[in-house]
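The same subunit A turns up in both complexes below, where it pairs with subunit B and then with subunit C.
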Partner chain A sequence: MEKAYKKYFWLFVLPTLIAFTLFFVIPFLMGIVLSFCKFTTVTNAHFVGLSNYIKAFSNKDFLNALWFTTKFTVVAVLTVNVFAFILAYALTRGIKGTNLFRTTFFMPNLIGGIVLGYIWQLIINGVLAKFGVTITADPKYGFWGMVILMNWQLIGYMMIIYIAGIQNIPTELVEAAKIDGASKLQALFKVTIPMVMSSITICLFLTLTNSFKLFDQNYALTAGGPAKKTSMLALDIYSTFYGRNGWEGVGQAKAVIFFVLVGILALTQLYFTRRKEVES
Partner chain B sequence: MKMKKVLSVVLAAAMVAGLAVGCGGSKKSAESDKGSVYYLNFKPEVAEVWENIAAKYTEETGVEVKVKTAASNQYEQTLKSEIAKSEAPTLFQINGPTGYNAWKDYCADLSDSEIYGMLLDQDLAIKDGDGVYGIPYLEEGYGIIYNQEIMDKYFALDGAKAASMDEINSFDKLKEVSEDMTAKKDQLGIEGVFASTSFAPGEDWRWQTHLMNLPIHYEYEDADVTDEDEISFKYSDNFKNIFDLYLNNSCTEPSMVGSKSVDDSMSEFALGKVAMVQNGNWAWGQISQVDGNVVTEDHIKFLPIYTGMDDEESQGICIGTENYFSVNSEASEADQKASLDFVKWVFSSEEGKKMVTNDLGFITPFNTFSEEESPADPLAKEVIRYMSDKDLSSVSWDFQTFPSQTFKDNYGAALLQYATGSEKWDQVVEDTVADWKAEKEMAAE
Partner chain C sequence: MKAKKKNEEPMTMEVSKGTGAVMTVILSGVAIAFVVPIFLVLMNSFKNKLYISDAPFALPTAETFAGLGNYINGIGRTGLVAAAGRSAFITVCSVIAIVLLTSMTAWWITRVHSKISSVLYYLFVFAMIVPFQMVMFTLSKVTDMLGLGNMFGIVFVYVGFGAGLSVFMFAGFIKAIPISLEEAAMLDGCSPIQTFFKVIVPILRPTMITVAILNAMWVWNDYLLPTLVLDSDAPTIPMAVQYLRGGYGSIDMGAMMAMLVLAIVPIIVFYLSCQKYIIKGVAAGAVKG
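Let's turn to the complex of A and B:
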């Protein structure tokens, strides 16, 4: 059997490999090449060296977007994970209606980002109308609007992962702790959390990258308003690419920088949380 | 064991085959010497009409015409990806000199084409040196659309500041009347004089592009130029005049304009909640389709946008175009010729002209159309009325020379900040002047 798998390995891998190469590897490499070019369409590019990168770094919109994205990511990652964990913890206590709650909390995750953005724009504008303002009146409304939206969307998904983690903890560990006289809080911090460290790794990774790469929700909720102050990195790349003739290459350069940033961030986080994982 | 092996091979083969089918299958029918046309249409509201025209043309000449329509506000994005394909559009459109700058590598010289010869005013075409690269194919106009019914009701009131629309021929008069109407809005049964000054994301083009056209137009006129690398924005106060008037006499509080879309404004007008709204002749379709529309065809008219300039009694509405046909220079000779023949047929054959006036509703700039061959839509008629009025001079669409989309977006954002009171007007003016210069420089690089 083992041998058969090895023999036909390439056959099974081939379809995915072709798709991956065609739709990911090739565009990705082209993207890197294009970031050194000035172009209107991908077929009439000509080389301009590093000038796109220089423009990207001297562009204050980009730096503002970077700072805004960082702030947003920190807040979103913390809130999403804390709330998701609390929910997961509560819903593994065997309360009545647990399944209904789990389903309901998970549901927002099934709706696309653009739709969510527009729905929340209506809701938030509806609430703010009581105070005679709109979401684009002040960047802080947009910021917290996005944090709320992101929480609403991601908590359910992360909750499911935490629930799986909590359910995987061997009951004898919890019981042993109880017998040894550990309080509920002690059991939580000394047994449960260390035991779900692998879930925490995954959830942190997912929330971190999702928040950092956020585009749809940002585009639909505020479109960067007021005056680009709530524009995140992905949206800034988009508006650079389409906002000015001849700046497509700069948008592309920003995208490459963006890729490197997300990569560094995600790998560092993985490295640090992995070290905390324990074997049961 | 053997069975499993066979099965796995079959399954894998099926997957690969599926993939291959998915990727192929779009083989083009044998290239004929007639060439074929691929038109990337800009106006989603007439997408079906263009498809009918294409079908009709194919039926008559046997030349294949493919029409694809870009989603609203997505033309540049769609064109960027379509034109990089091996089967690229042969006929597309650019939106003026700025658009030409972006697409000049793809625009064929049309100076020898018949369609260029058909233009009433050849100066309207996009030219570069001796070449002609964009042919305008329709004319549009915008101004302040008003509901005659509500105005008549106002004129009949005691102490009305004017007796008829003819008296409103300057900003001062417009201001006097609108402010009086606002004071008497309960008597008139309206919520405000002007529809919401829409500033939801992406809904601010009526101000940052269309309204901004007026001060820039006059600034160009004073300097006797058609484009400038730097502006002084010397008519900024005129812009502020009308912009303040819109904000302060509207059905929506200035602080709330950030949540309003153009659709909101148009339906407020259609439902008779307001008397006036700034927009162009393309808006009739939108107004007439609103559920519960109370604005009848004979009561919808245009008023020029007065801003308090000297001698503005002779100012007409803003008339121009941002729709220019260009032929893809990268396409084969046969396809290029087929595209030009198609365009010529649409705008000069009996059959084509009928569909242009009746179905597309275009006011065309070609000499092949007689006076009777003009659209029946009430706002288009108004545009024609203003065009043919010799005492009025229309304002041209100089916003085509605005530096970039980013400039317009920044300006729109600044206007919103001003409207909600978080930025002073002087700051807006200062930033806009600086931004114009910066964006022009960046675009020139």
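Let's turn to the complex of A and C:
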């Protein structure tokens, strides 16, 4: 049978493979090569060794973006997951209106990043107007603005995953805990939370990569202002490419560094999920 | 109906009626907080642009009410109607192409055991973790060189860049389909093409819906890729919204609010009409991805 299938490579694989090669493999390889070159278009590139990487690592904006992204990611991951778990826990108690609540909390997740950015710009600027400033007056405003935005967008999504996790817990376990005289709080920490660890791992990494790679929301909400102080990594790479002539190579080097960081996060996730599979 | 039944199953620990009522009240408060931002945008879209930035929480009055002025002005300036058409075209075509092509590819590389298929599989998995910024510049150059910088060409770009995740998801489900089904089809005289479309596709339907929804959300909301690939005078919705920012960071807030409303409405309609699939699809996608 495999032999019969093999003959159909051209039909089943080739179309995807051509698109994949043109729009992923080639751009990726070119990207690696160009990170060691100086260029303004692809055709006038010449080799400059590690100089782009040295420039990237000594670039104040890049280091600031790296720090800002890290801070933002930590705060966003913690807040989103705590709130999402609380909501999921509340929505699995069989109370009235559960479905309506679930629908409402999930909705912001479908709205695109650019639109989200402008919605929150309106609200945050409206609040700050009482103090006579705007969101780009202080990097603090942009930071917390993005944290709030991210919570609004992602809580519903993570909540859905937590709900699925909590509903998969065998009822006997909780019954047994009840009979043994466990209080509600004890049941939560000794039964529910340990039993949804795999959902927690998934949600932690989903929020982690989503926050780390954030671009649209950042671009629309503050555009990096004031003075690039609220630029995250993805936005900093973008503005290095398209906002600074002659720095395309540095932009590409920054992009490679960014890719390596995201890759490390993905490998860590793989390590944790694999380990869990072995345990269970 | 199904969802309702789930709630009636004994959960981890049900609360008493009194606690339940208190929780409903608290959750209603949270739900209102979730809806207020969208309501504010809607309300401000009917106000004169001068009264938005400083007082977004004030209801429109006779003095500040702008009627449909912001909508007319905004649509005129951004060409949002045409942009919505373009967004719809690109999303529908890309999603169909991605679902069809990547499911076929995933089936082939799962069923055929050769070096090529395992190399391809790992390449697709690898592609999933590469952030767009890594290929952003070179991808837009390749698209330019091939003359694909239009709303037809961008469909191929989405297939290529989106192949990784979709192939990975399909492959995960195809592995679980017993091969005996295909052997039986083969004995009945099905060609591989018939086997795929008559046996595999019906089984893959739920996965196809999941993949379609995840990709539709991505393509419809995508900003950066179309900005780099498409002509700036033929924007998609997110691009058209971004154009309102204009030079020096000044924004016509009235037009902006109206365009945000128009950008959100189709999403909410889509969400409410196939909510069940979306929530399931997103949860399934998260578990696999």
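By definition in this document, the second predicted complex is superposed on the first by the 243 of 280 C-alpha atoms of A that agree within 3 Å, B and C clash if a C-alpha of one lies under 4 Å from a C-alpha of the other, contacts with A are read in each partner's own complex, and residues count from 1 in each chain.
As a working rule, contacts are C-beta pairs under 8 Å (C-beta built on N, C-alpha and C of every residue); 3 or more make two chains touch, one makes a residue touch a chain.
On a predicted model such as this, the values are computed, not experimentally measured, just so you know.
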{"item": "Comparison of subunit B and subunit C by subunit A residues contacted", "value": "C"}
{"item": "Which of subunit B and subunit C A:Thr79 touches, first, second, both or neither", "value": "neither"}
{"item": "Partner chain in contact with A:Thr70 - subunit B first, subunit C second, else both or neither", "value": "neither"}
{"item": "Partner chain(s) touched by A:Ile166 [first = subunit B, second = subunit C, both, neither]", "value": "second"}
{"item": "Touching partner for A:Ala223 - first (subunit B), second (subunit C), both, neither", "value": "both"}
{"item": "Which superposed partner A:Ala19 touches (first subunit B, second subunit C, both, neither)", "value": "both"}
{"item": "Which superposed partner A:Tyr8 touches (first subunit B, second subunit C, both, neither)", "value": "both"}
{"item": "Which superposed partner A:Asn44 touches (first subunit B, second subunit C, both, neither)", "value": "first"}
{"item": "First (subunit B), second (subunit C), both or neither touched by A:Gly243", "value": "first"}
{"item": "First, second, both or neither for A:Ala129, with subunit B first and subunit C second", "value": "both"}
{"item": "Those residues of subunit A which subunit B touches in one complex and subunit C touches in the other", "value": "4, 8, 11-12, 15, 18-19, 41-42, 125, 129, 223, 225"}
{"item": "Subunit C-facing residues of subunit A, complex", "value": "1-2, 4-9, 11-13, 15-28, 30-31, 34, 41-42, 87, 90-115, 118-120, 122-123, 125-126, 129, 152, 156-157, 160-161, 164, 166-167, 169, 171, 174, 178, 184, 187, 191-192, 202-203, 206, 213, 215-216, 219-220, 223, 225, 233-234, 237-238, 241, 248, 251-252, 255-256, 258-259, 262-263, 266"}
{"item": "Residue ranges of subunit A in contact with subunit B within the complex", "value": "4, 8, 11-12, 14-15, 18-19, 40-44, 125, 129, 132-138, 222-228, 239, 242-247"}
{"item": "Residues of subunit B touching subunit A in the complex", "value": "1, 4-5, 8-9, 12-13, 15-16, 18-19, 76-77, 80-81, 83-84, 98, 101-103, 105-106, 199, 201-202, 253, 255-259, 404-406, 409-410, 413-414, 416-417, 420, 422, 439, 442-443, 445"}
{"item": "Interfacial residue positions of subunit C with respect to subunit A in the complex", "value": "3-4, 6-15, 20-21, 23-24, 26-28, 30-31, 34-35, 37-38, 40-41, 44, 52-57, 101-102, 104-105, 107-109, 111-114, 116, 120, 123-124, 127, 129-139, 141-143, 146, 156-157, 159-161, 163-164, 167, 179, 182-183, 186, 191-193, 196, 217, 220-224, 237-238, 241-242, 245, 249, 253, 256-257, 260, 263-264, 267-268, 270-272, 275, 278-279, 282-283, 286-287"}
